């Protein structure tokens, strides 16, 4: 970055780049305005990740519009989260979409080839947590990670979890997804020797308070190596897990 | 009770009991007023339990006063909870007191001989939960129960808990005590085939919110057979555990 | 359990059981995976209770699938909770279902014959609490308990409750169900000499905060022997009450 | 009031009162400024009650200053609430003070002679609620009411309360004071046929959340005729009870 | 009550009342069970008020059933709260119903003739609070009180309230109803010299948190003589106001 | 005001104004009652702002009624907030309405000509915050302010905000609107040298808790010059911004 | 800013500024690092305000260190908030300090000469709110504003506030400071025609919940032109009020 | 693990390991009980991390006892968190301790040599967050990581953060620590292309609610790659950051 700046300034000095061009670059016009959203065209390069569209609260038409703007600017793969089946059908009529119904998530283009340091294990406490898990799984796969699904291994039947001990020991990153008491994160965290991303879900009723119980529980995990994302935030967990799985030496 | 009432009324009819006496009895003067407390003299018979004095917010002198009133009315054993070491010293100077410093609990007289159907296992997530556990343990022992202590078996080191699996399978009642994420109750609940009384503790910091996190977690336990008492309420758990351990057929 | 382990290892030593078989057994493959749920086939033996299916968030088809898997593995009786009338109709078309509309609960097979130490009394504060009470009642009956229903005995008309004093004195376990201020648990707890399981309900409005008021009230009960389950958790209370009613000496 | 206004305007018209005087009166300069407080000299007449000083956060010197200003303006009786023993000692050295240590409340001058329609019964759930009860009692007595104290009649021992049924039936107003689950208000409310003022107290621990549990419980009381004041607000309850006990026909 | 008991016992003594009869009476069978509700037939006498049916969560058929049971037991006037227009139509087809659409409240029979010590003023902060106000107004009128409605006098336009100062000074009881910041109760409380019953409403959005803001505000009112009922509890306020308006000397 | 009072009193003295007239004026009958609302006719003069109708919870017919009353009293411009498209259509059939669909806001008459000291910049964190922003924008424009819209400049892409640094430096007032973590207010507050009005929105899910997260975040802003209005309160922000933009010297 | 950038780049082009210098400038090294704080030397120019030191959690020595760094960089006037009397004494020994004990605030150097458009009125509900008010007052005075103090004008005695109506009408900005129910902001907001900054205080007890009640109340104010700062944030209110009082046309 | 099990069973089969020994091993007696804590001797191997002692609530003597047990079992390096200066002095007298006063953290033995993939950047919003930051820093250094400290770069002075853009771009993991509005995490998350661990701190007052505001803010971060640990949990963040910095391919 530093070197970019120096190089740009040197180009200005040498007259290779005009002052106006440089000013423009330095102000970083890195997005295109399409009215209802500032589409961020440079994020892929900057964050090492393809563009993601958050579908909630957007119409199918707006989603298509954003996707096309991204594609016409060279973005080949676009992930769309929180998109209902209905919207997905409309979007699929306009662009080629691969859609995961359970996770309410889809993408245009291709998943990157699986890479990184190893496998991401996604564990859920119950079957009701699966939508969040699928959102995480597709997000991770889209960004080039191998995902192992380990669903319905809640702590009230600890033997189910124990039976998959090796899987847990082998993971590079684990995503632990649970509602209600959210204890899965602590138990998995205690068994594993890798980072555990805990995702509280809004599954439950009464004193589950829409995920608050699981959230607090996970934040208070007595196991080391556990961190937490927002309630039901499968995308966030999947993205972060992929980031960790691709951590690498930087040259500087 | 029904028969008592019928018998009393028949005595009235026969003139054996005066109207005034009967009125008095029917109004149930079952306590003695010593100014700052209505000491309940009949509870032992009624609830099958000896009298308990809640020490918090009472001076050592008031505690001694209540204990003596109870004793002069025939109560031989009195349990005193939430009594600091200082107060205990003052109380001990006036009456013969057995005191458990960790649990801040003591008693005058004797524990009832251990009985009931089996053993009460008291498990804690960490060492900081021990004061609550000791309050529960002494309460249960005082009321005639055998107690097995199983401390520091939190879920982040699930193998520690697993190593005591048989103990857990053998229990008649289990008290699971934990702060922070309170996951112990769910894991123990899933392993055991007996009632589990969960006690959230105020151990932890930040998002533990003085026990709220553990409380919510335990209320949302996905294991069957788990119920919850107030934060740090070791006495309540010990008392209830003893009650369950002494459940018996009633003649009617 | 200990002896099982020793016996298994001795079989291995004697060559009666192959290493692979033993490894398999030790890893405890005690469940069958049917895709959307790990059906737990051994729980009846392990927990002394028949299998329960939590119907919320499952389609009628999924419920039927789980029930059939359980039945084909020898489970004769299956309880299904939180199942709407609509789903129940679909399930009933596939398997023989007994359904309780008020409690939104049903079962396949038979209730176990009533047994245990005595009767479970289920009291509610008002008529709006009856759905939760019926969930508790059917759960307890399914697991072989005699249930006495005592509905609409809220504390604002304390004479109604007083009129049933003997019932309360006769119970082995009491389930006290109330919304709004949740005071029923404390009053019943003070009258009874047996364990009281308090169930806060989401009945009420305004400062009832969806059951929070009753929940806090019950957790703070000044009566001994009271513990609490989640808001509206009739099943949990019924199951635990049955467990307590069947508490027994263990041989070891 | 209306007539006052008309009369004043007529005096202006007749030239009996100058424009400036009238303007002053109409702007209502009904208080005297002593720097740290606008002492309200006309409240006794306006509200039918003597002046009250809220002692919390005021120094003993400030209290004395306010009391003297009030007295030099003709106020004979002054009530001072939330005044610690220490401050009371300093105040007592300067003015003649009657002080109630338990209620942390005192007054200069005399209580008005007991009057009104009947008796105010003040009931508490436990002995720890007595400080709040005494604050209420002295406040009511100061304002000319007969008070009956009925302490330690919590609902977990419902027979204690039942034994005083007649007292409750005889009251003109009842103040029900309780911490923890706050159920006393509902039970008393159901027994009584007069207004019940509920005072939640901060007595309790854990899920009592400094009085929140009792507060919510009381707000949700299913008994009619119950209203609630702030946590630990004995003064507010005593003042309101006196107001109700002195309700009377107005001439207009 | 005391005398009743004495008299009953003396009748037993004289053989005028059989033991069984007396036992029955003493157990107080003062209600009739109609399956889904214990209809309380004696409350009118006991509480000086006609019976009230809480319509929420009851079907029109259940309401009709309860009303008829009450009427066939001699209850002439029945108030029904929280009853939607639809239900009201069904109920009106079965019994003669007077219905107030805004307040979602109706009654069978007649309002008692207005009596008591004076007028009840019902003030609201805005027009959105009127439904709660009408519930209060009809409740008070049903129980024999004169009601003065003073709507839309919120504190942000303090001159509107000031213009009705005399009305406020003339009231025997005031009901102050407001959502959002709930400041009306404090301002009215400061202006009035009679009891003020504050009703927080769920009117507002965002940080109004469904009435929590107004509730807390009203509980913290710095004006004396203010007490609070549950959010949106117009009935409770109207009933209590009527009770205060009818406070009277008791003979004992 | 003072002079008005003096002048009125002097008119009374001189007999130019009758006592009754003066009494009426002094009681300030400054509004007209149309049944369901006290329409405030003098507010425009008093607050330097045209009348605003809060449409939420009012029927289209009520809105039309209020608008007409205002107009027949000389109010030319009326702003109507929180009005759904459906209601707007009905209102538009009765009076000439300009309607902004996104902001759910409309007005009858004209916006005042843009004036004041400078420009109001309205910035949003995301596209989902635009409805709140439009409510603010139309409100400010209606009251005679120039508005610059700067949407979708959330802090996770800080370069987008940086690219508009000059706009921010040039503003007279800034409205920063954001949901989720609400960080926009702090960042903008740190960059700007003018007052920043922060509007938390209910955009987000899970731990956003309907805007609570953004609200708390904004209240805790470490930047100076930031204040906060209610969640989603675009009107309040727009109105206040206009007030600040028109702040001026007062003659007295 | 834009022009600065263009000019800098042109200087680079012309070789007048070296690439390194330009890089440095573009990275904006506008502060000096003194170890425990990045002292911001350019803020006065940038924000039109002198530097402020937040004293809480800093030792007197650290405060002196920061003050001296600022002064040696040309800052003549420094405001220090949240500084206890003890710390102030130590600071005063090292630098010349003017200290306001009630507001726990002091400054080195001079207050700017009073200027701006008019007066800032600071009103408090009670005497306990004065410390917050003084923090606001000194902050505003330090930044060159005339402040009018109007203390103890809470809404429960609305006539006190009414008596100062003209003051309120004359203000350019009003700061309304109140704890408990926080109603002052709404009433003042309704009376005034200028921006009102509401400051909730932690004054109160019980359901005041450390200022939460006042905070919510103020956020829900039904008066227009009211915005809110953090609980007890006198500094923030004073600073913002000064900013508004100095709002001016910008040249661009 | 699988292979271990197979090997062990084969040893049993071959008679090389006795049944009892095998049973013992299979029950996993991997810890030593020293009374007040189950010291976990195998964790270093299992989790790739040295043992950590949580000092809060432990006496200096207990800390020394645990440290010695660990050391006598071959653990050379022990980290002790949440240890006050006083305790540290006592511990230092018994074992050789390196202590960081600001972070209240110390260790016996050595930090592992810095390794992993790159640098961990620890950024704080203010100077008051430094204690949490130092806890994180020492934890990370102890586990063999290079740490770069970047303190006092809060978002209200965004240029300070911008000036260190390269540092942020160069990091392998970033720990963003902030109280109050906690916006730092989002801004850093948007700038960085590596995992960001957010640590809310209890710094702030009023509506900061002991860290709740920052916690919610961080959970709602709109930047990707951000996850959150408990309030003030510097250790957890430092440990997890080290784990991510050492993520590596697993052989299986």
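A, B, C, D, E, F, G and H label the chains in the order they appear, each numbered from 1.
Keep this in mind: a residue touches a chain if its C-beta (ideal position, glycine included) is under 8 Å from a C-beta of that chain, and two chains touch if they have at least 3 such contacts.
Since we're looking at a predicted model, the values are computed, not measured.
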| item | value |
| --- | --- |
| Per Cα centroids, the chain farthest from chain F | B |
| Chain centre separation (chain B, chain G; CA means) in Å | 54 |
| Whole-Å separation of chain centres (CA-atom averages), chain A against chain F | 39 |
| Per-residue multi-chain contacts in chain C, two or more chains | 2, 27, 157, 162, 206-208, 212, 215, 219-220, 224, 230-231 |
| Pairs of chains found to touch, sorted by chain label | A-B, A-C, A-F, A-G, A-H, B-C, B-D, B-E, B-H, C-D, C-E, C-H, D-E, D-F, D-G, E-F, E-G, F-G, F-H, G-H |
| Touching residues (chain side chain B, partner chain C) in the complex | 1-2, 46-49, 52, 117-118, 165-166, 169-170, 172-173, 193-195, 197, 215, 219-220, 224-231, 236-237, 239-240, 243-245, 247-250, 252 |
| For the chain H and chain B complex, residues of the former touching the latter | 27-31, 36-38, 40, 43, 56-58, 200, 202, 210-212, 215, 230-233 |
| Complex interface listing, chain A residues touching chain G | 2, 5-6, 9-10, 12-13, 15, 19, 22-23, 26-27 |
| Touch list for chain G against partner chain D, complex | 127-128, 130, 151-153, 157, 159-160, 162-163, 203, 205-208 |
| Chain A - residues contacting chain B, complex | 125-126, 154-158, 162, 179-183, 185-187, 189-191, 204, 206-209, 212-214, 216-224 |
